[in-house]
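Below are two complexes that have chain A in common, paired first with chain B and then with chain C.
So, the complex of A and B:
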């Protein structure tokens, strides 16, 4: 599975508890929409670090990197340009 | 004197000093006063009766602050509500206090459902109320009149609205300022929601003292909070234990210039001595104030003077000025040092009662004393140590969750025969909700289906992080659920599907 559907599946399963793909748009703000709260963000970070074998620095925890599916996908692409999308899968 | 009158005095003293910072928005005390004037002018035009209850459903923002004081300026009672709550819970609270109006941001997602569930409540858009600017004209309220109703438990069956008077709020604000002196030179980066008692008291103490409040949305981006503290030369920061745990786990205080930081406050549940120690090491220049209180006491009941942190590690300290604390046994007799009993509190900060609920009020208020439900002992110097809580409330981060409220929602699900909820320990949040469910014969409910059902009806923090299915709930001979046993693995035997917060597949 490529990066985007894996992120979506994680968010839908663990924060919205649904399989309904329409429940979350790729540009939706995770914070504004109430998808993640502060603990949800900690879990999201742990998930990304483990699944994509990356280390997210404290200062990288900013909305530009993490506040939507698209932001996360772009952030991961920047974090692991050499790796292929299946890293850590 | 009311908080509004004290704020008026502050505005006259320092109109151009900054009061609130929110993103790019910076309001001086003069600006804030004009915004309060705008809100009160709009509200006055509605000709609401004095004492009208007005719901406030807003995230922390300058508009929240203007509306809070604007409601007081027209003699209204503020009912701060949780912006993450869903329509059913909100309507339960608004109907319970017969609210006349509700202030919401334009386009709030729950508006239609709210209108259906609470048709008598007039909906007012916050942006329109705060627009413009006007002189504040107000009559000083009667000190004993209700100023604020804070709902502490969301049970749809029986909401408990802690009713605080103008005097309660004023007295407690001044008690806090007596042990935590603040001035117009102070600046606090605030992540605590204003709609809870702790955030409410942080708001009032800082504004009355003429300090600057920087409103940060939450702890979602911990490093951003430290950045804001450095950029604004913050002198203070307040949190619940999980706020500090997150800050230390996901941000590095040493990487920021926090030399101006001089005080930290902690309340909202016991902080482990280990975490307190780590906080002190991470912020060596700041004094840490460990505090204890209850919404029923406006906010604050006790504090530990920072210089006693080592000698009295683990204590919540001594009574705040103007408050008496006693520890009683079940017969109402004061116990000796070292003996555990219930904390009783007396002072002018103790609530008027629970709104429209004399029975619930009588259970906790007697002869001027508040029975806190918290178990504690004193040492020989009179310092208080919390031993436990009689209350069944689940303490999750800054939130208090009534197990009944989650149970009621789960009980609506088809296939649920019986359900009970309890708090289970969580490293970061203190506690999270665990639901234990007895399925009807042949039922095929999954943990995820239960969580989804809850997520659609409850704010995220109330959704059970663990769901267990059992054959029967542990009950006493009289049929009462023994919640403390729900945590035990013995009673979750036969689980078909258990999901824990640490497992990604099933949050």
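So, the complex of A and C:
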């Protein structure tokens, strides 16, 4: 599975508790829509670090990187351009 | 405390004795020491007794000299000795040594206003045979419970909802109240989770006679207009507070059985323990809970107080499996879904105290409401300060003083703005202080089934009813006082004193007493300038100043820790089988929740990943709603036992007065 559907599935199943794809737009703000709260943000960070074998520094934990599906996908692409293929391994 | 029950046939039909006995039998856990009844035509009063004062002679119902006024009563009148002296001086004669008997004589002298003379915690049912009128009264803040069901034919009442169900009232869910629980943690009185069953709100009375049923308020939390606060110097106020609290504790030690105290390790219960120790010759026994998780456990602080005061201390260690095992019976006692497991250890603790020989304990409940201790008060203060400069980047950072975990990530700014910034534009909204909390809790409602969501959407919003219930002066009060009022009306009676208080204590026949909720303390604290409660962001300022020299430094300096128990972790780790009631078939059958969404939540819980507050609340709320429905609605009340009127309980005879 490529990055975007995995992110979407995680967010849908774990924060919106649904399989309904229409429940979340790729540009929807996770914070403003109330999808994640502060502990939810920690869950998300733990998921990204584990699933994509990356480390997210404190200064990277900003809405520009994490506040929507598109932001997360773009952030991951910047974060691991070389080893995208091993994601999910 | 005890249990009271009763029936008034408004059309005049005689009361059936067996029905009244069934009602008492259903709440017998509250009063294991004896039962008593008074039946006189259309009125039936029932009582299950927990003997605390006048063990030999205090059986109820109690009557006046001419047997025209009869009372059953749950609770304690702490100033009964002073009231008795006054009544005797006016010529009243007493036939018991109990606190109950002052009620009938006070009623003779003052009518319905007699309640203004009482210092105590009480649910009273009083039959005036000459006026053929029943009067129900509940204490000012909601310590003693009192529920009723009214129809054109009859009024039924009881200390617990079980008594009404035992009398034949059908158990049906009150969906609007379920909605309120998933917003405020508790329904707003008089609503309960059951349709057609009401609680008499704290500070109110109810009269019933042939003309019908009427209710009214005799007391409420009240605060001065800004500028009208007490102008007494701070040092004198601290001295006044110390002597007031000392007296509140002193009269709460009146009992003919040993009195113990709960010790959390926090400021409030430590103050109480210290006052008992320093101002009485009672050798104090204290009780506490320990948890496995270091994040929840307060044992080291409890030990510091025990070492300082030299109390005889007993600690009950609560492990996760115990909480899972005890949850279903806890909901049987709470009679309402809850969003936290915290009531469970409180029920186990009362059992522990009882097993150690205690049936009365003093606790620190109420201090945070009265003296301004909660984080939500500070949070509202920071948000108000921030609202004055909404674009400020550093003002909201003050929230990190309250919630250090916001420092964990620099996502704080984005999160802080979106969460705590809710309602920032409307600082005059009545619920400004509480909006973020209510909004977070209400997110649990995403799990409601579509049918329930549409049924609720057709109802007027609960906030509208809450706003309409506020006193006329509310909008003129200082913002801190407004937030205190909301706490005092919702969480305090609806959850802390009931689901986590009375019901958990009385499940094991233990009475709680709450010195901070002495109405003299409440009324004194209400007149204090807000800066003597919340000094900048330091909570309970005057209380700390008044008690500083009498407490261990570690307790005084300790950051406030809310009492909490393990939630999801307790179930997932220890007892996955307790999730049976969250199975798709049962969820579908009961109809409250969306099967697919709950399935995702359960899988998330079982995954062992980090679970946030929001999911914990939703999980416990869903599980306890399912348990509640299972116990009360899907399987209607079956009486475990009936009271045999010829049976005697030791030296507490079961009495049946048939007038």
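Couple of notes before you dig in:
Criterion: the second predicted complex is superposed on the first by the 85 of 89 C-alpha atoms of A that agree within 3 Å, B and C clash if a C-alpha of one lies under 4 Å from a C-alpha of the other, contacts with A are read in each partner's own complex, and residues count from 1 in each chain.
One rule holds for everything that comes next: a residue touches a chain if its C-beta (ideal position, glycine included) is under 8 Å from a C-beta of that chain, and two chains touch if they have at least 3 such contacts.
As the structure is a computational prediction, the values presented were derived from the model and not from experiment.
Contacts of A:63 after superposition: both chain B and chain C are touched. When the shared chain is aligned, chain B comes close enough to touch A:10, but chain C does not. Once the two complexes are overlaid on the shared chain, A:24 sits clear of chain B and of chain C alike. Residue contacts after overlaying the shared chain place A:72 against neither chain B nor chain C.
By the touch criterion stated above, A:39 is placed in contact with chain B and with chain C alike.
Comparing the two complexes, residues 13-14, 16-18, 31, 34, 37-43, 45-47, 58-59, 61-63, 66 of chain A contact chain B in one case and chain C in the other.
Contact residues of chain B toward chain A in the complex are 84, 217-224, 242, 246, 249-252, 255, 397, 428-429, 448-449, 451-452, 454-455, 459-461, 463, 501, 504-507. On the side of chain A, the complex with chain B involves touching residues 10, 13-18, 31, 34, 36-43, 45-47, 50, 58-59, 61-63, 66.
Listing the residues of chain C that touch chain A in their complex gives 403, 405-406, 408-415, 418-419, 439-440, 443, 446-447, 594, 596-598, 600-601, 603-604, 609-614. Note for the complex: chain A touches chain C at residues 13-14, 16-19, 29, 31-32, 34, 37-43, 45-47, 58-59, 61-63, 66-67.
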